[in-house]
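Multiple structures are listed underneath, in structure tokens.
Shared between the two complexes below is chain A, which has chain B as its partner in the first and chain C in the second.
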Partner chain A sequence: MIAVENVSHRFETSGRQSHLALDDITLEITDGAFVSILGPSGCGKSTLLYIIGGFVKPTGGVARVQGRAITGPGPDRGPVFQEFALFPWKTVLGNVMYGPRQQRIPRAEAEVQVRRLIDMVGLKGYENFYPKELSGGMKQRVAIARTLAYNPSVLLMDEPFGALDAHTRTRLQNDLLNIWERDRKTVLFVTHAVDEAVFLSDKVIVMTRSPGRIKTIIDIDLPRPRKRAELLLDARYQNYVVAIERLIDDTGIDEAAR
Partner chain B sequence: MMWLSRLLTPLAPLLACIGLLCVWQAASLALDTGSFPTALEALRAIPDILGDRGSLINILASLRRMAIGLALAVLIAIPLGLLMGRSRNVAAFFNPLLMVIYPVPKAALMPVIMLWLGVGDVSKTLVIFLGVSLPIIYHSFQGARAVEEKMLWSGAAMGMSASRRMLRIVLPAALPEILTGCRTGLVLALITMITSEMIARQSGAGNILFNAMDMAQYDTVFAMILIVGAMGIILDAAFERLRAMLVRWSDAGRAIPLSYS
Partner chain C sequence: MARRHFPDMLLGLAPILMLIALWQVIVWSGTAPVALLPSPFSVFARFSAQLLRPEFHHEIAATLMRLFAGFAIAVVLGVSIGLAAAVKPVVDAVVKPLVRILAPVPKVALYPALLLTLGFDHASKISLVAADALFPILLATYYGASMVEQKLIWSAMAAGTPRAQIIWKIVLPASLPSILTGCRIGLVISSIVVFLAEMITSTDGLGHMLVQAARTFQTVDMFVPLITISLLGLILNAALHLLRRYLLKGFAEI
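Right after this comes the complex of A and B.
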């Protein structure tokens, strides 16, 4: 379980002003849940993810994973970034091998596993390609495989499909759900796309902008495994999307009136 | 016209060299002074120099000092530059020192260094080392600073320690930039090598050049200039092939002519 207790985060802007990015966030995420954090840009949703990842230290409160306070990054929490952050000097195989090799798994043994993962994300045949030779969607597939390769129990996904075109995004959403159905890792998924959050998640956390606070947490009660074509016609899915879009619009208006 | 340009492009460097030699030849014939040999006379003097055992020993001594100076610079400047790029404190400490050293022509330090360390190999190697270090430090620094933070986070999440991230992420990620610095360093090493021998004449390619100058053997002077130029071209081309091979994974993986670097 991930527990965030009264976490606040304040940082100095370049204009030497103090900016409150996160204000008193408290939430719990149960193991195996697919949870999205949804909010307008600048609401601190990525910062919250980085705090759970241990990449950023909160200025107030504490985040815990399995009861232990988070003091830094660790292989139990695997990040996937919008920018892919692949190692450009490594081939696809080399990138995905990085984590297992870091954990001193013998090369031959790691390679069997890694090749299976590369196949699973649909990149069989691309093992010896360098990142610069891949499309955006393929790069993100490599990044997902690279993170899965060291078998974290939590996936921290920071707008992973935000830089991709609509078609590629849909395909990756489907593939991500298929992967998740297999081993049900905890997924924390930051996005600003309402339909994406509803389609993927068990729970959607809606945040307000600046300072970032939790506005509502909505349970998405839709059957799994989810099929996109069926969901799009499902009135419950449509209602979730419309209701959440209204909520977000409200936060926007709040902002403008201030 | 397409076929013409396709034919000319690979021949262009050769044509430029031949053109330069022709202009030189014509200018020399027109001026007709003893201190300006024709291109042909200079070219004819090259085999004499390269065939002479003493001259060869001198040139090899130069190259040995250059290699040692360059190697030392690479070994010290790259780690220092990378550390400066990743640590604000290290950068704050070294930056002012480097800013002071940067504009000083390294050969200008030669007399002082000679006073302390003599006219031998140590002084000259040290001057080469100083001249070469700065561009390598600077480029390593820039390269390390530009490393994408999320890349380091990804490594940290895999359980890599800070020193391991430095070695396994910052170093390879900054490599294209580092090698650009090394390329500048290589050319600077050659220049500093000759200048140091001009000041501390005892052995080396610069020694041959300036001794010939004193003895008014102008064909030898110009032949040595050609030899040094050729060494520069050969060393640079060889390094460029090595560089392109090492960073073929990056956008900098293509060969870059010197004028574009």
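Right after this comes the complex of A and C.
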């Protein structure tokens, strides 16, 4: 379980002003849940993810994983970034091998697993390509495989499909759900796309803009495994999307009125 | 690719040939007496003849040895200091003012002091080459390493890389394009400086050869080491280019 207890984060801007990015966030995420954090840009949703990842220390409160306070990054929490962040000097195989080799798994053994993973994300035949030779969607598939390769129990996904075109984005959402259905890792998924959040998640956390606070947490009670074509026609899905869009609109108006 | 490279190379050869042609035209026009400015043909003829003589090989070997030794020291020091300063604020605080003071100093001004402390042999020349080539490599490494994408480092740390190893496993390879650009500049400077040092005080090497010939008004012999060093520079640069292409296979632009 991930527990976030009264977490606040304040940072100094370049103008020596202090900006409150996150204000008193408390939430719990049960193991195996797919949870999206949804909010307008600048609401601190990525910062919250980085705090759970251990990349950023909160200025107030504490975040815990399985009861232990988070003090830094660890292979139990694997990040996937919007910018892919692949190692440009390594091939696809080299990138995905990185984690297992850091975990001191013998090369031959790691390679068997890694090749299977590359196949699973649909990149069989691209093992010896460099990231620069791949499209955006393929790069993100490599990044997902690289993170899955060290078998984290939590996936921290920071707008992973935000830089992709609509078609690629849809395909990756479907593939991500298929991968997730196999072993149901805990997923924390930051996004600003409402339909994406509803389609993927068990729970959607809606945040307000600066300072970032939790506005509402909505349980998405839709059957799994989910099929996009069925879901788009499902009135319950449509109602979730419309309701959440209204909430976000409210947040936007709050911002404009200030 | 090969088909495109070939005309490019011819195109690159054209200005060099034009320069030699211009040289020949000046000789023909008689603006400079042949005793002072020999024709390129006689210089290249002497150069080819010299290439067969072991004494000439010795001069080239002496120059190359100093060049490589000085350049190698500059690479090792420049890359390690640059990386350390980019990653550790404490090192940065110490190194930054030193670089600001020392980088603009004309290193050749230190040469008399180096000669007095290290003697007339290799050490003083190697030190001068290293001192001059150091700063471009150090600065290029520093800026390359400072601009490594934070999320590459986070990705590695999440995968289990300890903080102490990030510098070797991530920062160094990620800043390689920048480091190699610094090395390229450092190599050109090394070729210039080794020649200069040998011209000032030496008993062998290409620079010494030039000074000897100039003192005895053997103008054809004076131009031979000049051509040799520029050819060596061309070859070394091509070698570094190949190394760069090999090391930077995965990077966007080379």
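One rule holds for everything that comes next: the second predicted complex is superposed on the first by the 258 of 258 C-alpha atoms of A that agree within 3 Å, B and C clash if a C-alpha of one lies under 4 Å from a C-alpha of the other, contacts with A are read in each partner's own complex, and residues count from 1 in each chain.
What we mean here is this: a contact is a pair of C-beta atoms (placed from the backbone, for glycine too) under 8 Å apart; a residue touches a chain by one contact, two chains touch by 3 or more.
As the structure is a prediction and not an experimental result, all values here were calculated from the model.
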For the overlay on chain A, clash or fit between chain B and chain C? clash
Chain B versus chain C as contact partner of A:99, first or second or both or neither: both
Contacts for A:125 in the overlay, against chain B (first) and chain C (second): which applies, first, second, both or neither? neither
Could you say whether A:79 touches chain B, chain C, both of them, or neither, answering first, second, both or neither? both
So in the superposed three-chain picture, is A:223 touching just chain B, just chain C, both, or none of them (first/second/both/neither)? neither
For A:42, is the partner it touches chain B (first), chain C (second), both, or none of the two (neither)? neither
In the superposed arrangement, which partner chain does A:87 touch: chain B (first), chain C (second), both, or neither? both
Doubly contacted residues of chain A, that is, touched by chain B and again by chain C: 53, 55, 72-75, 77-79, 81, 83, 85, 87-90, 98-99, 102-103, 130-132, 146-147, 150, 152
Using the touch definition from the top, list the residues of chain C that touch chain A in their complex. 149, 151-152, 154-161, 170, 173-174, 176, 248-252
Chain B contacts chain A in the complex at 148, 150-151, 153-160, 169, 172-173, 175, 247, 249-251
Going by the contact rule set out above, which residues of chain A touch chain B in the complex? 53-55, 72-75, 77-79, 81, 83, 85-90, 98-99, 102-103, 130-132, 146-147, 150, 152
Would you mind writing out the residues of chain A in touch with chain C in their complex? 53, 55, 72-75, 77-79, 81, 83, 85, 87-91, 98-99, 102-103, 130-132, 146-147, 150, 152
